[in-house]
Amino acid sequence: MIDKRMASCREAVADIPNGARVMIGGFGSSGIPLRLIEALRQHGAGDLTIISNNAGVAEEGIASLLRDGLVRKIVCSFPRSAGSVWFEKRYQEQSVELELVPQGTLSERIRIAGAGIGGFLTPTGYGTRLAEGKETRVIDGKGYVLEMPLHADYALVRAAQADPWGNLIYDTAGRNFNPMMAMAAQVTIAEVDTVRALGELNAEQVVTPGIFVNRVVAQERQHVAA
Amino acid sequence: MLRLNPEQMAQRVAADIPDGSYVNLGIGLPTKVANYVSGDQQVIYHSENGILGVGPAPATGQENPNLINAGKQHVTLLPGGCYFDNAESFAMMRGGHLDIAVLGAFQVSERGDLANWATDNDQFPPAVGGAMDLAVGARRLFVMMRHNTRDDQPKILEACSYPLTGAGVVSRIFTDLAVIDVTPKGLQVVELFGDNRFDEVQAVTGARLLPPV
Amino acid sequence: MIDKRMASCREAVADIPNGARVMIGGFGSSGIPLRLIEALRQHGAGDLTIISNNAGVAEEGIASLLRDGLVRKIVCSFPRSAGSVWFEKRYQEQSVELELVPQGTLSERIRIAGAGIGGFLTPTGYGTRLAEGKETRVIDGKGYVLEMPLHADYALVRAAQADPWGNLIYDTAGRNFNPMMAMAAQVTIAEVDTVRALGELNAEQVVTPGIFVNRVVAQERQHVAA
Amino acid sequence: MLRLNPEQMAQRVAADIPDGSYVNLGIGLPTKVANYVSGDQQVIYHSENGILGVGPAPATGQENPNLINAGKQHVTLLPGGCYFDNAESFAMMRGGHLDIAVLGAFQVSERGDLANWATDNDQFPPAVGGAMDLAVGARRLFVMMRHNTRDDQPKILEACSYPLTGAGVVSRIFTDLAVIDVTPKGLQVVELFGDNRFDEVQAVTGARLLPPV
């Protein structure tokens, strides 16, 4: 029987090694796998490359990984927010490397990694500093930048509901980067509010098919401090 | 000169949003525009994190931590709204499906170049978010900004000195002094607020303006 | 008030001109906008370029457009099926041009057209006849073909339910090409079984956001002959 | 020589599908494999038109015209199954998410080249469907085919004469005579059915085989 459930977040992240490339879902305070991030922090793997839209605020989530010095590099569209003090500190002391990526380019680079596509041409960023050093071309008078796939070893994602096959249903805007990240990693670990029995999810409402998910950890719903 | 306050500026931008438009309002000042879209205008708001049909803020105690807009504020969903992932959200933006995006700006050039994501201060880490995608993708890009910086420097320039968000992307500029279109002939003043005179506005602008016709 | 409903299929297709590029959703017998195709046939616009996974069977759907000589070119992954007699006849008499595209390349070319992407690198077809004349490159030892977006003037799609804003919900495997085509055309026309009042669709189940849909025509459910 | 019939071939392929696999079965002969996957093997079937968890054919009268597989046959959905659009379906295929694809073939070369979408007969219009995507994307590509054509020509060749579906993509070949792996050293015979002798099978093969070890 296919059953992707694991007993704890701790167990689910236990094999993440030093130097791993780890995608982490979420946008602002929405759809962040906070329990998995905390388990990863306690697990203590370092020298990580983190791929995520934001860089965490206060002492929470990715900010706690930055605080503990576990992050070597971050690939991000909007690392600087109100309260992103640990990112700013590590950036200014040059102990963390930043690869800044426009948001739509970030999500599409993740998607194409999951879709087996080797690169794509986007008009986003053409003629700007973020295209420097990248291959460009002009098609029908419009400029494009060639962007390459972003793969990861692990993806930590957050959803509302799952089933034992790893199918995921999200809550409102909690989808954000989670569905693409689930596609793009070698091992995808989903933190969910509840696991339903096989066949209880609405098949028409499943957003992430279980084929993209390797491990599922249920938990009580966590309300994220705003 | 008459300088509109932010609420008046928002009201003026709102007047230029046609009924039935799909609109993305940038973080900060542009967010106020929604307050002035009248009942005759049905506008569907897009939020880059994955919402179409963004509604007003929820009542206290009714917030859903997952249901936020791109500015990380709690919102609601209107009847007829829906959710999608970030890749699809940016397909809408980059693919030309949004009628209008309203963004703030540090600088706009006479060719419609936009600079709104980074200054020349390297002390702060940069952040770009969805600005570059909106800049290239929205059918019409409205810039909403004060005409001058706090130390009275012009923000409309022959060329931007700050790093670009996009080149040749701005359609119309709404400042606290005037409404100005970016046209192939140059910066065309469309409207001068109150009794503002063309030569007064030109004097505080860093690029040549074309007078209203 | 935004209301994208139109009274009839006839009215919905009335402005499609000769020479239009028209995407038509469907896979086999599933999710085909048969009523819209019939309205297009009666409308009589000719010299059409049809973009669709299949080329119709018997006298139905795209086959009827081919029979009536309205199609100049077809862009397709699997034009030849049991019963695709009109396609075979027009192909053999060389009155219709065929652009054969691997299925995943077809759906992705349509998707990127809708997503504002200028091209993508796919391993599919590399080293085969279908990559002849196309730009290729090798990245990390793997060969890729550069494929370009497929745009259309109109898309005819089929869904189960809609609302007045054009949000679409599909039935089972009836999605197939419909969601991507809805994104990729200047004008998207959706044929649906039923239109529900605004707010009655499950917002978490909407597959095609209304922003991609311009016109909606309700109809009684049509059972397609197998 | 013992030549397995199609049912026996399907049974043999089914035995090599590990429990818990995500599998795409090509149109035609490969479809039969599902009939022989035992209760101990939980296999999740993918259909390229947009289904994971494809179940058996529905009872007569219970068919849903929209719920068909890639071979255009009516199917059902298992509990735990789900639907998606064609772009996501091919993301699964091209992106390496399917453990095994089982395809028929006209020809396979000793380097694992696959030819299964077009012959050299130009009278018929070509059709390719999802074969090229499966060929490049499945983690393991099983070919299931008769060892020889109806007029006794070999289908395993030094090089394919028909147009390729993909180059160097085949992992394992199941014929009615033997099971053969494509390895860096060449075509390695893994199993000879019944009392079939290596030299007999080699004699009806168009490329050099390596004997079972």
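Chains here go by letter, A, B, C and D, matching the order in which they are written, and residues are numbered from 1 within each.
Here is the rule we go by: contacts are C-beta pairs under 8 Å (C-beta built on N, C-alpha and C of every residue); 3 or more make two chains touch, one makes a residue touch a chain.
Predicted model, so just to flag it, every value in this text is computed and none were measured.
Counting C-beta pairs in contact across C-D and across A-D shows that the higher total falls to C-D.
The centroid of the Cα atoms in chain C and the matching centroid in chain D are 28 Å apart.
Separating the CA-averaged centres of chain B and chain D is a span of 54 Å. Separation between the centroids of chain B and chain C, computed from CA atoms only, is 35 Å. Each of the following residues of chain B touches two or more other chains: 77, 83-84, 87, 90, 93-94, 136-137. Chain A has residues 108, 111, 115-117, 122-123, 170, 172, 204 in contact with two or more other chains. Taken chain by chain, the contacts fit none of the simple shapes, being neither an open path, a ring, a star, nor a full set of pairwise contacts. A list of each chain pair in contact follows: A-B, A-C, A-D, B-C, C-D.
Those residues of chain D that touch chain C in the complex are listed here as 47-51, 63-68, 72, 74, 77, 83-87, 89-90, 93-94, 118, 123-133, 135-137, 163-167.
Within the complex formed with chain C, the residues of chain B that make contact are 20, 22, 42, 44, 46, 52-53, 77, 79-84, 87-88, 90-98, 136-137.
Only residues 1-2, 111, 113-117, 163-165, 167, 183, 198-199, 201, 203-204, 206, 209-212 of chain A touch chain D when the two sit together in their complex. Considering their complex, residues 27-31, 53, 77-81, 87-88, 91-92, 98, 100-105, 107-108, 110-111, 122-130, 170-180, 207, 223-224, 226 of chain A touch chain B. By the touch rule above, chain A contacts chain C in their complex via residues 108, 112, 115-123, 137, 139, 142, 144, 169-170, 172, 202, 204-205.
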